[in-house]
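Below, chain A partners chain B and then partners chain C, in two separate complexes.
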Partner chain A sequence: MDEMEQTVLAYVAKEYLEEDDDRELTVDTPLISGGIVDSFSMVSLKRFLEKKYQIQIPDADASAEAFDTVTSICTVVRRFRPN
Partner chain B sequence: MSNIGSYEERLQGFDWSIAERELGYRAGDVINIGYHCSDRICDLGHGGKLALLWEDHQGREKSFTFDDLRVLSNTIAAFLVRLGVQPGERVCLFMDRVPELYIGFLGVLKMGGIVQPLFSAFREDSLATRLKDAATSVVITQRKHLPVVRRTREQLSSVRQIVVVDSEGAQLKAGEVALDLEGEPRVEAFEVFPSTAETPSVLHYTSGTTGQPKGAQHVHYSLIAQYLTTKWVLDLQSDDIYWCNADPGWVTGTSYGIIGPWANGATQAVLDAGFSAPRWYAFLQKYRVTVWYSAPTAIRLLMREGTELVRNYDLSALRHLASVGEPLNAEAVLWSKEAFGRPFHDTYWQTETGCIVVTNVPGLPIKPGSMGKPFPGITAAVVDLKTSEPLDTPGSVGLIGIKPPWPSLIRGYWNNPTGYANKFKNGWYLTGDRASKDGDGYFWFVGRDDDVINTGGHLVGPFEIESALLEHPAVAESAAVATPDPTNMEVVKAFVALKAGHDGNEDLELEIMNFIRKRLSPLAMPQKIEFVASLPKTRSGKIMRRVLRAQEFGEPVGDISTMMDD
Partner chain C sequence: MAFSQAARDWYHRELAGIRDAGLFKEERFIHSLQDADIEVEFPSGAKPASVINLCANNYLGLSSHPEVIAAAHEGLRHRGYGMSSVRFICGTQDIHRELERKLTAFLGTEDTLLFPSCMDANAGVFEAVLNEQDVMIADRLVHASIVDGMRLCKAMQDTYKHADMGHLEEKLVEHQDKRFRLIITDGVFSMDGDLAPLDEIVALAEKHNAMVFVDDSHASGYIGKTGRGTHEHFGVLGRIDIITTTLGKALGGASGGCVSGRAELVEMCRQRARPYLFSNTVAPVIVSGALKVLELISASTERRDKLEANTVYWRKLLTDAGFDIKKGSSSIVPVMLYNAKLAQDVARDLFAEGIYVVGFFFPVVAKGQARIRTQLSAAHEKHHLDRAIAAFIKVGTKYDILGKNKAEIIAKYGT
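Moving on to the complex of A and B:
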């Protein structure tokens, strides 16, 4: 797991899971289809990513599939992050 | 041949007694929704028929026959009686779309309780508001929601018991009890509570412009309208597989996700998973869904994924599509024709109406973008905004009014008789929705007549959001209004004036968004926040939300003569 994945995973665990939620969260855990992050909450997750990595993610690229795992989210972020 | 046959012929001499006869009900009889959705179907000889095909996001599957529904709802009813729950007490269902939610709904009704389904994405402030108002005695929930329910319970005195349906491995505390539905001894025979037509059944909370959400109180007689509208509008027939996307935390998920289909003896499929276009199409394909009741927001999300994706699946079983929750735009109707070979039929109704009241029934020509025509037995009109007199000139915009009574009209708002009385004027139930009617009698939605925000088909009240915003240490005052959104029709936007010493930056914006999401729900979270120096107010100090809303929609702001100068 790289640094970005660690950061995003930690953020999702902190913001979208209850403190005493004992579900295991990995970079491949389905977030949207698994009911951890819903389509409305995706907006705040997208806002976090844009702020943290100083990028703009077009709405068309912020689909439920693209945001379904930490791995896929990081793929999106890398695509829009300046080298 | 559709169930309704000719709409025009059904209008002639229509009487709700059609449904009463089909359900074997006569005035004064016992009528219990729990019984009619399970025992009665078994009594008709269909106990072995599949009632529920369930699958979750991990691909786990379960199926239940109508006899399973009968016995397992008996089991939950008996369990609640053993807990000391009395008829008339409120029992909250706070669960994802697990089988216990659907079967528990019937179980509570069978023992005479008032079932209070609440959307499981609600967080503790939203949950507490609704449980406190209803003085709820018991909350049935899942282990994953237990932390929220526990924190909520600390604020309340009424909740005696928390029932956990999947407690394996959890350390339960005092006042908490496990219910392993499939592990419990099956209760074959249960004496169903002898509810009658006006016995309270379901308490759904709905948002208005002012004050906290109101508990819309339904009665068992609502079954009559929910049964017939399901049969004629959704056209459920004996060999259909039906999928309703709505969560039973909202009225569509109970009226047409539990009561209507099961009272008709239909098989329904339930997917307990978040939105994913490929997953949804795979679900439709796998279960050979024939009738699909969805929502414009979901349809627009599917549209974003394009028609090519649809071609990867065999959806040839689909024969009838319907939609509810927000106005179905013409583009979505046309897209569904292209993608699925058939249009979505828009249906219009509200928590308060209990059943579909204006709709496109099968066979009625669809005018894309129109709400359709009144269901037989429903007298609907566009009435003047001030006088509530019907407007007969085609194209005139007014409020949609429905002439009471009809079987599923709510009988009151819990603890709020004045709020209920205010919904009626000049002999009409006023929906708060503006529309016009064309020369052919089709209704066309225009918009809300108040400040309620319709986001993704869910109504969110600004007052609840503004109250929660004030609890944030940086917020001095705020106004929550609707702003247009291409997918959800509307989303919440908050105008926020900060206390001295706070800077309106993007860190604070995200912090406030998450603050509301965790306090209330993701639906209530402002998706946009604008920091302002002050808010427009009347000279008496009341915030003028309509001015802000009009700005968002690019509409005229109207009369601002009472607005206070800066």
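Moving on to the complex of A and C:
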């Protein structure tokens, strides 16, 4: 797991898991289809990524599929990150 | 033909997908007045069965109250059936103004505006009072109509974990750069029946300079000592900036809703809220019935007191029988089953025993949180609840869930 994956995973756990939620998150845990993050609360994740990595993610690229796992989220971030 | 065979085929496949996922909703036809005892045709075409209704939002039992019906008749006679106009052309009668004034007094606010439904109130209110300079910070379990309303508004959206005051405070601090912050919550959450901690929410709002919005649809009429709502229960009357609520539940159960709160915010809705501007308001017959409802519940707390007693009794019956219920004090009492199929099977078997309840499961509630939501009414008598618990025990025994906790039910049935 690289640094970006660790950062995103830590944010997702803090932002979306309840204190008594004992589910273990990995970079491949389905977040949206798995019912951990819903489309309503996904906006804070997108904003976190944009602020943290100084990028703009178009809404079309922040789809439920693209944001379903930490791995896929990091793929999106890298795509919009300046080289 | 515009509706081509290809289009028809696509919709057939989509509907089949909904059926296959177990999410297909079917109406049940009631052949009687809405009440504690009803006649229900289900499935469609079946002979109507006499059942006890444990799933209506008829908290105060006023849906078919003789005085409400009589007042509605009078309203029909004196103010007619329809308005054939939106409010600001020629669709406002004196009784609309009277109802808005009475709701303002009842809710302890500054002004009130009627909407065709609370769904419409929630769809219109945010866009009318906020813009892109502002942020809306909502509890993650707010009602779907609030989510829709927020999506129509240009203000930034954010959410906090359900009833988590620490998380809410983090968000309030994070968004101090915004012009206005609006905290958004239900008063009573419709699926869990728990109450938003409005005393803590108001304290945080005052500390961090935010406004507070509460949808009190499942509370107005019975929560609080005199039934004014969740704000009365938590001692924050007059400190909620926007309340939306419905006439479609405890307050007579017909239809209609309102935005009530700070005079300036309500006036902004009168000027800008699209569901108010572009549709007819509540029909005169319903306004007349609602006025009688407010008269009845302002004169006496007898009905909400009976509902409270029924709720305490029902919660005790379920707990003593060994059911796993959501703790709380509202008249929404969820019986937790965790597994979607189990929830549907138990609801079906209870119907066969003469008890009308409905199973709820994903996506209406979170995955692994399937349940039967029971709802109490002041129309229930002790004998209704005694008959209901006998049926619950019979069906609970069949599925071997009595005395089982969450882990044990999940071990047996999965999620």
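As a working rule, the second predicted complex is superposed on the first by the 83 of 83 C-alpha atoms of A that agree within 3 Å, B and C clash if a C-alpha of one lies under 4 Å from a C-alpha of the other, contacts with A are read in each partner's own complex, and residues count from 1 in each chain.
Going forward, contacts are C-beta pairs under 8 Å (C-beta built on N, C-alpha and C of every residue); 3 or more make two chains touch, one makes a residue touch a chain.
Computed from a prediction, not measured in an experiment: that's the story for all the values here.
J.: Of the two partner chains, chain B (first) and chain C (second), which one does A:D2 touch, if any: first, second, both, or neither?
T.: neither
J.: Between chain B and chain C, point out the one touching more chain A residues.
T.: B
J.: Output check: A:I32 vs chain B and chain C. Expected answer is one of first, second, both, neither. What do you get?
T.: first
J.: Per the contact definition in the header, classify A:S41: touching chain B only (first), chain C only (second), both, or neither.
T.: Both partners.
J.: I'd like to know which partner A:E24 touches here: chain B for first, chain C for second, both or neither.
T.: It touches nothing on chain B or chain C.
J.: Is A:A64 contacted by the first partner chain B, the second partner chain C, both or neither?
T.: first
J.: Take the contacts of chain A with chain B and those with chain C, and give the residues found in both.
T.: In the superposed arrangement, which is not itself an observed complex, chain A uses residues 18, 34-35, 38, 40-41, 43-44, 47 for both chain B and chain C.
J.: In their complex, what parts of chain A are in touch with chain B?
T.: Contact set of chain A toward chain B: 15, 18-21, 23, 30, 32-35, 37-41, 43-44, 47-48, 51, 60, 63-65, 68.
J.: With touch defined as at the start, can you tell me which chain A residues reach chain C in the complex?
T.: 16, 18, 34-35, 38, 40-41, 43-44, 47
J.: Applying the document's contact rule, which stretches of chain B touch chain A when the two form their complex?
T.: 57-58, 96, 121, 144, 147-148, 272-279, 301, 304-305, 455-456, 488, 491, 506-507, 509-510, 513-514, 517, 522-523, 525, 527
J.: In the complex, go through chain C and note every residue touching chain A.
T.: Against chain A, the touching part of chain C is residues 138, 140, 147, 156-159, 161-162, 164, 362, 366-368.
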